[in-house]
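In this document, chain identifiers A, B and C correspond to the written order of the chains, with residue numbering beginning at 1 in each.
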């Protein structure tokens, strides 16, 4: 039969609550939390990630060397005094890795925040209005997606003097388009929900509907994407710094540390492998957390795992 | 002993969940005589569908089923899947609310009917099966069945699909047809057609019918006996006349009183306040007690057993069944709608509220 | 009343429809078509769903008008279109001197305070992410009326519809279907509307719960003097709540009559089929009834039958009419007019029949 009833209405096809019996009710948040806590890889990753963050931000205050201070020891192997060793100039690698992790995390989180906010609003507006607005906005997003992120980042950040927030702004300016696509597709289905029509019947404005109803209900995919973007951000920042267009000395980041140590891979491997290990650890843990969140928000999409 | 085709005795179904055990069906029993029709009524969550699925052995593996289900003397619980599939279709046929749960979208309806026929009649030729399929489609009221036989389910309307399911159900001359909300998703005019097709199927096969529904009107017209379910139990059972004219369980009385009627103008409906209990960690006592106007202390302590009320074949699970003799729903139940005090206050302030109208006249 | 002029507040009421008092909402020749698009990259309009075709009715002050029909009848589209939630293809909807179909969304907004709707699905119509308090307070916020007294107002509204105001900070999914529908009613009442469209407000609820909601609605109407347009497919519910009932079939009104008349002596073959198809919860009566069973399903609204749209399923057309009489059914659209039965019917050969 042709669906003659207005879009969004169910006609007389009874949407009887077809759960034959009710188990205890939980709020959406409680359910998400429960499912997340059960995802072992995600929980372990979360613990590891939190430890890394605490270490990177609190550690420098407790450690007796600063990342900017020379020490009397040059090119030392890891020891009790310098757990990660020192480099040729006598900097304490432990202090430098802490500082580098800090910078990299800050950049990554700023990227995630910036692109999520812009992308979510952009996608929600496009999905809500559909039609021409949607077509124009999404073509712009597509265009942004086709820009070679690395080349653009190189050009712009080389002129910005290496301030860490500039790097974040540039990368965020190129990654929001991913978020907008995800949010748009979520909003396209949400806008057909009866509660949106109910808000319209109450006289709600478009902005009201978008910000009070659509975006909060699209929070699941938004959070998942923001998490994944943190990992992307870390890797992009690392890559940029590695080729010399990211964070500039005297400040440091994980990417910069790896880059500075590349000539020493054979002679002083700790200088290269330790920051490298942190990059991988952060990117991996965040990806697992993202996985866990996705499964928690959308149990139907569960992937096989033991 | 009478000639019973299906005997369900002390059936219990439990589903283990994270929060504990859901006791979906608690000690349900009934006996179905040959050719008889039994209506099982209840609201959502009463366990009426789970009972049917348990009888057919169609519950998921996590369900714990205890009790006994005998079909013509054979115990069905614990039977192997292969033996059960043999019985399904030839002995006991099932009709679901959504015809698409039993139809396969990638085969024509004719093929699906023939398949059922061939499966249970090894000697049958496929041409004969097809001819029989056309005949069956005609019996259930599908116009020009010789054309429709090659249609796929998606080419048919919801009503037509349900007829096909009925045709499949009657294909192997079953002794029992279990129909679970067969007309719930359909419009009333189509519902009338489907119920007629179901009656035809019964007349042709002489099958007994278990009709599971929430619609008391459907039960009134199509069944001989009725069992009313609430919170996983049968709380009242008897002939249709017993149930509709002299209910002895407050729940049944309330249900009848809450029904708007086409055939008379009633002043006020009698809603049952509250909602059905969660079947998880059910407290002791009568599960209907929290909503019951007759509730006393005993009701919270002991769950009343099903016992004769009025005569031997009319059973009710209420400590105070006798008090319902000769009463109407309106005398027992509260007919409240809105909170009268709040309503009066609201009406007062509504009268004082300035008209919001004149502010924006089209300039 | 004053002579009709350009600025007249209302149109002349429809004769014979049996309304009493003043019409509040007047609908004339309402038409709503939905385009049917082809599939593929270039989507072309290949036809129209004729959802609503020339529907006219008056809703009077303090009355419940029932609009009944099966799925595909267009009753839900009518309810959405008169509230300007869907743009009408043509026709007029008049509310207190305003031509609603001509109003922009911005100009419509202030009128939304007076015209409200309760939706069918109590699960989908409440935002799962906000608390019950925020749901009921939403209309107040939208219209800038969320003052210091609003919290009290919301509590009062919850009490009014029979909910415990202590539960205001819970979320909608913590409530049962009936309670959720009460929340939807409280939200609709928050702005103290004059007209409420009830779109299948109880069809998703179990009977024991449904009765409470129906009683509530009837109390509210009686006490607050509201006008209800009650859209439903369940004739028994209609009989109980509506004073007048309009029956729709495939986008057209086929019969409009006072409830008692409509059920006791329906004149349109479709209404007769509908009334006789409703099972009565009374075994003796149910078994002794005369049934008028219609054949087949509702035709596609993309290509509705010519002339009378019910003729393809009409038992009268199939069994009682002569070929000469049938010509009229095929060629002429029967107008909704009084054909001697005392109320308007859209059938060339209307004839009252007692069915109950």
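The rule we apply is simple: a residue touches a chain if its C-beta (ideal position, glycine included) is under 8 Å from a C-beta of that chain, and two chains touch if they have at least 3 such contacts.
Being a predicted model, the structure only gives us computed values, none of them experimental.
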item	value
B-C against A-C, pair bridged by the larger set of C-beta contacts	B-C
Most distant chain from chain C by Cα centroid	A
Rounded Å distance, chain A centre to chain B centre (Cα mean)	51
Chain B and chain C, separation of their C-alpha mean positions in angstrom	29
CA centroid of chain A to CA centroid of chain C, Å	49
Of all residues in chain A, the ones touching two or more other chains	1, 12-14, 16-17
Residues of chain C touching at least two other chains	70-71, 110, 113, 191, 233, 297-298
Interface hub residues of chain B, defined as touching at least two other chains	44, 157, 187
Interface residues, chain C side, partner chain A - complex	34, 36, 49, 51, 70-72, 74, 76-77, 80-81, 83, 85-86, 108-110, 112-113, 116-117, 119-121, 123-130, 138-139, 142-143, 171, 173-174, 177, 184, 187, 191, 199-200, 203-204, 233, 251, 297-298, 300-302
For the chain B and chain C complex, residues of the former touching the latter	43-44, 143, 157, 159-160, 187-193, 195-196, 214-221, 240-241, 244-245, 254-263, 265-266, 268-273, 275, 335-340, 342-347, 350, 353, 356-357, 359-360, 362
For the chain C and chain B complex, residues of the former touching the latter	70-71, 96, 98, 107, 110, 113-114, 156-157, 159-162, 176, 178-179, 189, 191-192, 206-220, 223-224, 233-237, 239-241, 260, 263, 273-287, 291, 293-298, 313, 356
Complex contacts: residues of chain A adjacent to chain C	1-2, 4-6, 9-17, 25, 27-28, 193-195, 197-205, 208, 212-213, 216-217, 219
